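Right after this note come the structures.
Below, subunit A partners subunit B and then partners subunit C, in two separate complexes.
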Partner chain A sequence: MKGPLRKTMTWLHTWSSILLGWLLFAIFLTGTLSYFRMEISHWMTPEAHVSVPSEQSMSIAAKRLAEVAPDAESWNISLPSERSNTLDLSWRNPGDNQRRRGPMEVLDASTGEQINVRETRGGDFLYRFHFELYHLPRGVSRTLVEIATLAMFIALISGIIMHRKIFSDFFMFRTKNRSLGWSDAHAVTAVLALPFHLMITFSGLILLASTLVFWGGDINRGGNGGNQGRTTDVVEAMPVERLPLPDLTRMLDTAEHELGAKVSFLLANNPMTRDAEYLFYSSERTSLLGNRFGQTIALDYDGNVREATGMFAPTDANVSAVSAINGVLRTLHEARFADTFVRWLFFIAGVSGTLMVGTGSILWATKRAKRQAGQFGFELVHTLNIASIAGLCGAVASYFWLNRVLPADMLTRQSWEINGFFIVWLIALLHAAIFRHRNAWQWQLWVSGGLFALLPVLDQFTSPVGLWGAIVDGDVLRLSFDGMCLVIGGILLSSAAYLRKKSQLVMAPNTSSSKTITEQKAITS
Partner chain B sequence: MMIALSFLLSFYGFLHFAMSVKKHHMDIYKGWYQAKPLSQREYWVMQAIAWLAMTASFYCAVVIWGIGIGSMAWLMLITVSALLVVALFSYRLQWFKWLWRYTCLGHKFAPPELKSSIDHRSR
Partner chain C sequence: MSNWMHGRLPWPRLLVVARVVIALVGGYSLAAILSMVAAKYSNLEVRELRSLIYLVFFLLYPIAIIWLFSINSHRKALLTTLIANACAWMSLYALDGLS
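This part shows the complex of A and B:
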């Protein structure tokens, strides 16, 4: 570890990242996919694909709720928006447990028909996995993720310092000179998306910081208060005077007019009474400040504006600078402000981060392949690299496949989707251990890439609405998901093709060298 | 529309950044004629164009999204456009040359007609 700064940094960079590289890859991959969390959830409930957003959604919702839950303590109406196509209703009956979710319904946003969606965790599984892994005690897994984030941050800083020619090599990607291929891929994906990496790592570090602090409460919860502080505590249900249902559509117009933004969520406290309070939330945001929802406006039972709160208005009374910063970091980390286009930009940056972590781990192994082949440490890293990079991609793809292939009304299908994910991952690990010197890399990349690339085909045949229908309906959520699968599949398949080419070159060194000579001749002549 | 403009401007900026690097400059001109190293003046002209384009692109992003979200979205935008430049440079050098020749200052620094005529004569 002694030596000049650059050497020290190289040492630090190598060892801080290889130890947690596999975990980091999993975090990066699932996190990148989580940008499309809603899209994934939507894709994984094909029954809901028939729903097309419409103008009547609000009146449908109001009618339905007045019918099934006239005495409810509160109503939640989630309107179709940029990130959801269905009309989701839930309500809380008097005397219900405050912490548990009440009854829910998913409706077709234009016809009002109830949709029975299949049981699935959807994108939430990947989202949770991103920072809590699975089936570990929450504290332990979060601390583990936080430590990995810390290692990532150290690796980033040391990586910047050790990079000699950060500007002259800015656009360098030497595919011709094969020995440097991995290293360039690592550097290019790291340097070009550096703002993203710094932002995402730093904000992630701060968001989970409380897991490393063993005193004090859980500060993570602070900036998160959406409606928790709002719900009025009705101790017991008392007979109250019921008013006729107000015209929620007109109120929606008022709210949208006042806010100057589209409303995506309505929380009604004590609906249809004189104490009623109708809170309209908009998810559109024009600044990085504020919490989960952009702006809110409260209307009383008669549709008069009670109070309008702007972006930075705290619903939980006291907002300190700390929790404001926390809120900004969370907004940045989750790209809450993003529309479809910006979301795709973040996704691409996330993919390059994933590639950076993956190529970094591969680089460690290829650098040592000649010297250390056969040693336990090297073989372990080699095996884990295959299983945690190619294998995990295959596992994620099979999670999506299982969602569509398992029968929709199967019991415990939700847990079988997740079990399938881990079983495939385990198979990948075994396969990697056994065939690590016999093209395990290539095989797993072909299979995972193929699974991803074929997902749109599967989508076409297992959804009640075909892909053409999705284009006609403008179902951006679903098309985003299919596009995302094609991108990931393309990357996996092309890296598999790259490996095949490389192994063929090793097999026949003579032809390759003669080819490069002719190439050089062609250039010089 | 503004987004596309912002993206194209940053792409244009990165083209010039790439060309202001000696190594890449040589790579591009290698096939055209006897490569001439990048002169100091050319370097500064390209840098100036690149920075101007980047500033304009940032301005567009701020106009669309506002300063807070805009700066973040812009950083992602230039990430993608830089990746595109790298991809062009590594896999489609011909397209890069074409772009350089016909949309940027390629003419000014190395008029293609002249170069090709030299090429023909030497052959």
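This part shows the complex of A and C:
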């Protein structure tokens, strides 16, 4: 019964992946880019490029907050770290709405000057698009993404079953005597990072699980008081005794010494009072479990270590296997633990996943090009492939270009960056529909690849700090972004070159045969 | 022996649709019930049950879909999903009875 199973799996693999292939490509591409979410946001606010991390950051922050928000209920200080080079302050005044973000400022981390960054969604737009698309009701878009993820998971499993010899095929790597085609590219990108693909798809399924598993709520009824039960108690603003500002730099040293790690974030509750609680969060995580930050330590108004209370209390060390698995899946999916090197590894694995989805969709079309050309289904997929693969890459590149090209103080520039993204994507779709048999693939790949590859050049000329300055300052965030653009641009341009070579090969026999005919004619005459 | 997708049956397209429905709906309910069984069987804290349900459901659902697709005859596939669902329901009720 080996034959039928293989056939069935091939059918399942084909159809589960092609139906939502265009959406899967978009999810994979924006998700892969989201590994560089902070890098993208940093790149898209060139005003902040002048900021260089320094030792004085904490004292600058303390001075500034004591000046602008001495009566605040809480202060947030985000110190420059591996993933941000500015000093970000925000605070909450008494009586502010708990749900909304309070006032905030971005400061130069070494001079303390306030930086007016341009209005942009930065990497958050791509990150949100990855699982909520854009402008759709949240429930609908998340369910759609979840269904696409499920289709992807089934495509992965059926793909493994249908190629039982997948590993031996891969290691044979039959490059001799034949040119590598889309099918090889599909298999290589799939196998190279197969564990990553399985992990990322399954953890994605679990992250959005509530959209498909909406039942079973009665099982945990009654136990769920923790979240909803939190009363937003409106405390009357009572006059409190204000103490002088403690030496936060010394406290930072204490905290870093106690934690044995760098601190990246400080939350001060009731700062400059006797009830003050200064919570220091380390940026390095020591475990794959748990929440956004690594370890936490709390100091009181006098700089003595104390136990954190309430929601900041240290979580139980003995977690159950189920929560452990969930925590690890989430942490892995979002690569929260990653340093620059591991982040790049995840990015490359993500790129290979994106290529796998893209080449798979192309493979569907090339296999059917001869038999089904002219049929509606084929033409639709063919058009969607061009627009959703080459066109989307062009749209993302235009989003980055618009960020630097639109005037920094333009009104509603944030929405025009995003509008531009969708306009370019729409143009790509129209172009693909009209020119789909006239090299639309090649054109869009050349343009998208060119836009990506030229982004570092744009960066050089539109940022207050040149690229050489970025290298000198060790601005890893920005260099990572430019490197990422070169990688993506290179892939797109080489695909375009491959297509050109292929189309020339198709043309070549005709020209050579006509040549021989003319030669023969010349000889005979 | 021809495969079910390429069989010369009166309405092959309709049968493919039927198989998709069997796999998606039958697989869904099977995975759902079995994850409820797992939740009932476990002695986890209440707030962790949901995570357990998610994990079990999303492991079982793709397996169930692939399994129901891989069966060669339609009748067998329909019977399999019905029987499997019935067994799963019964085990759920049996566990309910115990507790």
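By our rule, the second predicted complex is superposed on the first by the 458 of 525 C-alpha atoms of A that agree within 3 Å, B and C clash if a C-alpha of one lies under 4 Å from a C-alpha of the other, contacts with A are read in each partner's own complex, and residues count from 1 in each chain.
Methods note: a residue touches a chain if its C-beta (ideal position, glycine included) is under 8 Å from a C-beta of that chain, and two chains touch if they have at least 3 such contacts.
Quick caveat: nothing in here was measured; it's all calculated off a predicted structure.
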Partner chain(s) touched by A:F435 [first = subunit B, second = subunit C, both, neither]: neither
Partner chain(s) touched by A:L332 [first = subunit B, second = subunit C, both, neither]: first
Partner chain(s) touched by A:T8 [first = subunit B, second = subunit C, both, neither]: second
Touching partner for A:A349 - first (subunit B), second (subunit C), both, neither: first
Touched partner set for A:W416, first subunit B, second subunit C, both or neither: neither
Touched partner set for A:M199, first subunit B, second subunit C, both or neither: first
Partner chain(s) touched by A:F378 [first = subunit B, second = subunit C, both, neither]: neither
Doubly contacted residues of subunit A, that is, touched by subunit B and again by subunit C: none
Touching residues on subunit A, where the partner in the complex is subunit C: 1, 3-5, 7-9, 11-12, 150, 153-154, 157-158, 161, 202, 205-206, 209-210, 212-213, 215-216, 219-220, 222-224, 226, 320, 322-323, 325-326
Sites on subunit C touched by subunit A in the complex: 1, 3-6, 32, 35-36, 39, 44-55, 57-58, 61-63, 65-66, 69-70, 72
Contact footprint of subunit A on subunit B as seen in their complex: 3, 14, 17-18, 21-24, 30-31, 65-66, 68-69, 72-73, 75-77, 79-80, 82-83, 85-87, 89-91
Interfacial residue positions of subunit A with respect to subunit B in the complex: 167-168, 170-175, 188, 192-193, 195-196, 199, 285-289, 332, 337-338, 341-342, 345-346, 348-349, 352, 523
